[in-house]
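Next come two complexes built around subunit A: one with subunit B, the other with subunit C.
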Partner chain A sequence: MQILTLVPSPQALRYAVFSGRPTHPEGEGLIHDYRGAMPCHLALLKIQKAMQAAAHARRAAPLPPAAIGIRVPFGGTEFPGPVAVDADVVRRLETLTPAAPLHIPALLELLQQCTAHFPGVPQVLTFDTAFFADLPEREHLYALDADLARVHGLRRFGYCGLHHAAAWQRAARSGATRVISLCLEPQPELAAIQGGRPVYVTSGITPLEGLPGQTTCGDLDPGLVMLLAEELHYGPERLNTLFTRESGLKGLTGSALTFDELFAAPKTEFTLAREVICYRILQACGMAMAAMGGADAVVISGRYALAGRALAAWLKRQAVFQRQTVPVAFHYLRTPVERIVAGQALLLARASARRAAA
Partner chain B sequence: MNVLVLNCGSSSLKYRLLAMPEARELAGGEAQRVGPRTAEPARIFHNQDGQKTVHTAEMPDHATAFDEVLQLLAQTGAPKPDALGHRLVHGGARFAGAAIVDAAALRELQAIQKLAPLHNPPATALIAACSARYPDLPQVAVFDTAYHASIPDYAATYALPAKLAAKLGIRKYGFHGTSHQFVVEEAAKFLGRPLEKFSAVSCHLGSGGASLCAVVDGRSVDNTMGFSPLQGLVMSTRCGDLDPSAALRLLIAAQGNPGAVEKTLNKTSGVLGLSGVSADIRDVLAATPRGTAAAARMQATSQVYLWRLRKYLGAYLATVGRADAIIFTDTIGETLPEVRAAVCADMDCFGVRMDFERNAAGLPLPCDVATAASPTRILVVATNEELAIGRRTYATLMPDEKQTAA
Partner chain C sequence: MYAILQSRLASLKADAAEFAQELVGVESLSLHEEQVAELVEQKMRALGFHQVVRDDYGNVVGALLGRQATATLALVTHLDTVAAAKDDPHPCRVEDGRLYGLGAADCKGGIAAQLYAAYLLKYSLLPLDGNLVVAATVAEENGLGLGVRGLLERTLPEMGLKPDHIILGEPTGLGLYYGHDGWMEMDIEVEGLNPFQVDDIARNIATDLGEAMGSPEAGGENFVLSQHARRQHGGVATASMRVARRLRQHGDEVGMLTQVTHEARQSARNSGAVEVAVQVRQDAQRLYTGRTAVARRVVSAWNTDPFDPLMTRARQALAAAGCASQPGKWQLGRLGMGTAGSVLVNEFKVPTIGYGPGCEAQAHERGEFVELEKIYTAIYGTAAIAHSLIGIPVCGWTADEI
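What follows is the complex of A and B.
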């Protein structure tokens, strides 16, 4: 039984094929310039060909996958868990377009192309926001006029839910009930998870809020948004580019840096950026501990989980961790997001197969 | 030396005449409804020798209000002030400490007004008027931002392009410094610790603005307010922390008018926006609303207010590492034991254990409401910004006598 996973990002489409247990993919690839020079239907054709070639090389019959798992960055409160796509799901996705005007139309096109190239194969959507669908009210509300917030849909979410769910499972296996989960992706996110439920997260209505990323600014004084609009005569689009593409590590250092590079080479010109990141993560840990009344474990996941070791060494030296009578355990989770998607897709595909059989 | 301390609000002028260095109060009071005529006449509420009197006067601006205060002091036989101490909210990058006002300093003050458009202009205008009318009276400007000049770069830097930040003076300035510094000094004295070895989280919880300050070795190392007083905690009408994308969405909705968004985030958000009925968290905590929807909204308001406060207390305790004390001050911090209890409960992981009975007992200030075994003390200390400004003013004018003034 094969599972195909698709992880779209603004400029690329990552795919992987898993067989049986979703541990290591038997094939994977990255399609560049996705939805640019490589339109969606050609990308799917390329994946279909790659799968057929792989089957041919194994001298196996080119069977379609048992399910396609697709990562979706935003499902709002509408999708509190993974779903198998049907007409009703498509209709509900369409209602989310105003909240995610770039992601949802791209996703709908991808679903159509999946149906065209792999007819009859169940499509499973796994949402990064699903883990946060029942974030407590005190954590998801902004201190804004309640009507204004409702009209503009302004509330807080987390955006690395797939990683956090896996991190929680890892820590819970070691007996932890209060977990600090740091997902070190280009746009990092820290969450406090108590008994499997998130109680605090650094992100907001978008992943821009919270920790600075490789090119994203993270928390700002909201007054600065207005100051920049006035002083630079920037419109909202230009400001958005400034905050999401030109800030973060890139803005602080002037170089396009990954978190691996930031922590690997202790160059002095990166010192301030490294200190800023470490400090903001320390404060987020403090918030997480206040939210849970302490912490049993820290799990660092995501693409730069290994860079997290240097960060963790620094965190462990800080008095707030030193003073804990029961030491806080540190775990590193290198599970790529495809594997998490494949796992969720497999579970759901099996469940619907069982339902269909019964 | 008699120092007249002046604290300009948008429509008020608080004053306090102090004999320094002993900090004996000679007179004090507040001019209210300064500015354009309102439904009620402008009045000065004056206290002197235990006597409270009320005086009506036309006070179209702060300079006139100041003249009225001087006349009132002369009429009531108070000694003449030898110096003026002004409170200014924002000192920008230029003023890292209190400054004697001369022509150059006044020009600098006028240049940085836009950093705090609500707060700095009335005080700056008053300083200019005083310089013109009473050139022989020494004036000292004391800044809310000055105490935070010691915040290290890694805590003060926003992750924006470095050149842009340098060009526009974008960094965390921090506010309420005069009050934080005052209560930190009082707390160290109360606990008998040398200030230069004293670490704390100071919680200035006013009925309007509020901020937390992380203090290491007596110096500020972080403040929840940022470039402006808008960032951080939930305040009476200010939103505090907000996703920059949310501000952008509001900017789009306001057809790109930054002033309209600024007004929304400063004037109709916070406790007022959440509750829909009151800007004062005391009203929300005491409310017994009829109907489940109204009750749920009050509940949500107090939960969001307290939760943000609790999270920042955790963040700042992590910053400080091993805090000697948590200090609560100003209206909410001093008078609402339930707020202190909500944010200090279940904080053992930071070495914080509250004695809830002592906390609720209404002890005279300053008081310690931690359990005997708590490694971190929990103090309630009355703030006194005017006295703090008086001390800074005296210390600035008499640098050799700084030790006695402190």
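What follows is the complex of A and C.
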């Protein structure tokens, strides 16, 4: 049974093909400029051809996948678990558009094109934010007017749920029950997971809150936003560009810098930026420990997981980790998302096959 | 969001340039716009506009419907051009990044920019809360806004798309324009029994009106007077002449008519039995659809408050998108020029601004051209402004993966 996984983002469409147990993909690839010059239908055609070529190389007949698993970055409160796509799911997804306007319309187009290119193949959606569906109320509430927050859905989420879920699985195998999961992506996120349940996360109503990223600002005083609007007449779009594209490492150093470059090959001119990022991550670790009463393991995942080794070495030397009676274990996960998406798609596909057989 | 817009725009540039060239390649003098209207309608259908309508006036209207229809933004240009000079040595062609041809700057580059701006938003999958209308109107140059008046009076209300804001794609050289002076044409008639006396008085009026206007002010032509012509009928001699005068920001049509009537009668005050009458010039126009209407030769000055939320949001959006946004007003170097803003702001009270790729100095000129790069920037800039007004805000999300 073959599972095709798709991980779309505004910049690229990542795909992987798993056979049998979703441990290692037998084929994978990245389609660049997926929201730019490469329209969705051409991207899927490319994937289809790659799958056919792989089948020919194995001297096997090209067969459509048994299921397509798709990662969705938002919607976990509406869909707290993986879901097979049908008309009702599509309708409910459409209602989420205002909360994730860059992602949901593109997802709907992707679903349409998957149906066109792989007719009859079940599509299974796995939601990043689902991991945080039962985030404690004390954690997801903002201290705002309760009616305003309820009517407009102003609450905090976590956004890298699939990474955190994989991090939990990895640490739990070693017996950890209190896990700090740091997803080191361009917009990093840290979560505290106790007994498999998230109890603290750095992100907010959007991924912007929390840790500074490669181009994102992280936590700010809301007064600063008002000041920029009042004094410099910045409108919402300019503020968004400033906070999402021109801040973080870029703002601190003036250079378009990745976490790889920051941690793996430290240059002296980036020392201050490195200190800021490390310090903020350390603070978030402290918050996570406070939420869980300590920590058994730290798992660093995401595309910069390996660069995170340098960060981990620094964290281990800090007092908050030194003073733990039992040393905190550190683990590194590189690409867990596809495996989780494939695993969940496989489960749903098998269940639906069983139902069909019955 | 802007990275997505720019990336998608890159793959649309060739199509947009080709479409602009097609538009310029089709002659569309005022009241003869049918062929170019057909072209625009076909393109709107091909690009998947949700509604496409050709109304009774011949205007072409395409709409992208928003999720909640909270507000409607209309992007408005015109299909017609003024007549070319017969010896114009610049036929339609692309050379050194410029699209040459009649109407390239005024306003076919603007049509292409506005149509592709709407499509860019759709193609980039950026959802809209409000409705986006793209309208290319007829009889703007010669018909003094007959097409746009019909659009606002009937077509858009019937479609349920009355606009809350309008952006004109007229030539602004990518500046944000918010108004211009107006002008009006008047017919002056001097009637009397003595033809020589009638001629004398007509000449006096011409001289006195000319002196009253003085030398041309900075900012272009402010007074044009035709030679008088005399006819004789049933023993009555009638001299007629035509005068055009600039209407400044606070000058109105009635005031100008009263003033010119007073000045003309003053010139004739000691001349005995002659009658002097002044009236606004008007003539019947037959649109290409067969519909007829009377066009009054008045373009009122108009002005959108430079601090109107429309201007503010447009400026903010362009700044966020990394585009320049120089505010300004059309200079209208010659009387007889103008934009639909006069009708839209003064008659329909819709806040209106201009943002287009053409250059005002090119409008109605021999060898007219528009720079293709400016068309591309106008597509991107117009899409950014439109999204700021009716798009679902993208707050806290980036084009990066999370």
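The criterion applied here is as follows: the second predicted complex is superposed on the first by the 354 of 358 C-alpha atoms of A that agree within 3 Å, B and C clash if a C-alpha of one lies under 4 Å from a C-alpha of the other, contacts with A are read in each partner's own complex, and residues count from 1 in each chain.
Methods note: contacts are C-beta pairs under 8 Å (C-beta built on N, C-alpha and C of every residue); 3 or more make two chains touch, one makes a residue touch a chain.
Given the structure is predicted, the values throughout are model-derived calculations rather than measurements.
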First (subunit B), second (subunit C), both or neither touched by A:2: neither
First, second, both or neither for A:187, with subunit B first and subunit C second: second
Greater subunit A contact set [subunit C / subunit B]: B
First (subunit B), second (subunit C), both or neither touched by A:73: second
Touched partner set for A:276, first subunit B, second subunit C, both or neither: first
First, second, both or neither for A:205, with subunit B first and subunit C second: both
Which of subunit B and subunit C A:240 touches, first, second, both or neither: both
Subunit B versus subunit C as contact partner of A:160, first or second or both or neither: second
First, second, both or neither for A:102, with subunit B first and subunit C second: second
Those residues of subunit A which subunit B touches in one complex and subunit C touches in the other: 204-206, 208-209, 216, 235-236, 240, 243
Subunit A-facing residues of subunit B, complex: 153-155, 157-162, 164, 168, 170, 172, 225-228, 230-231, 234-235, 238-253, 256, 258-259, 261-262, 264-265, 268-274, 276, 297, 300, 303-308, 310-319, 321-322, 346-351
Subunit A - residues contacting subunit B, complex: 137-139, 141-146, 148-149, 152, 154, 156, 200, 203-206, 208-209, 212, 216-231, 235-236, 239-240, 242-243, 246-254, 272, 275-276, 278-279, 282-291, 293-295, 318-320, 323-324
Partner subunit C, residues of subunit A touching it in the complex: 9-12, 33, 35-37, 73, 97-98, 100-106, 109, 128, 159-160, 185-187, 189, 204-209, 213-216, 233-238, 240-241, 243-245
Partner subunit A, residues of subunit C touching it in the complex: 1-4, 7-8, 10-11, 67, 124-127, 129, 312-313, 315-317, 319-321, 384, 387-388, 391-402
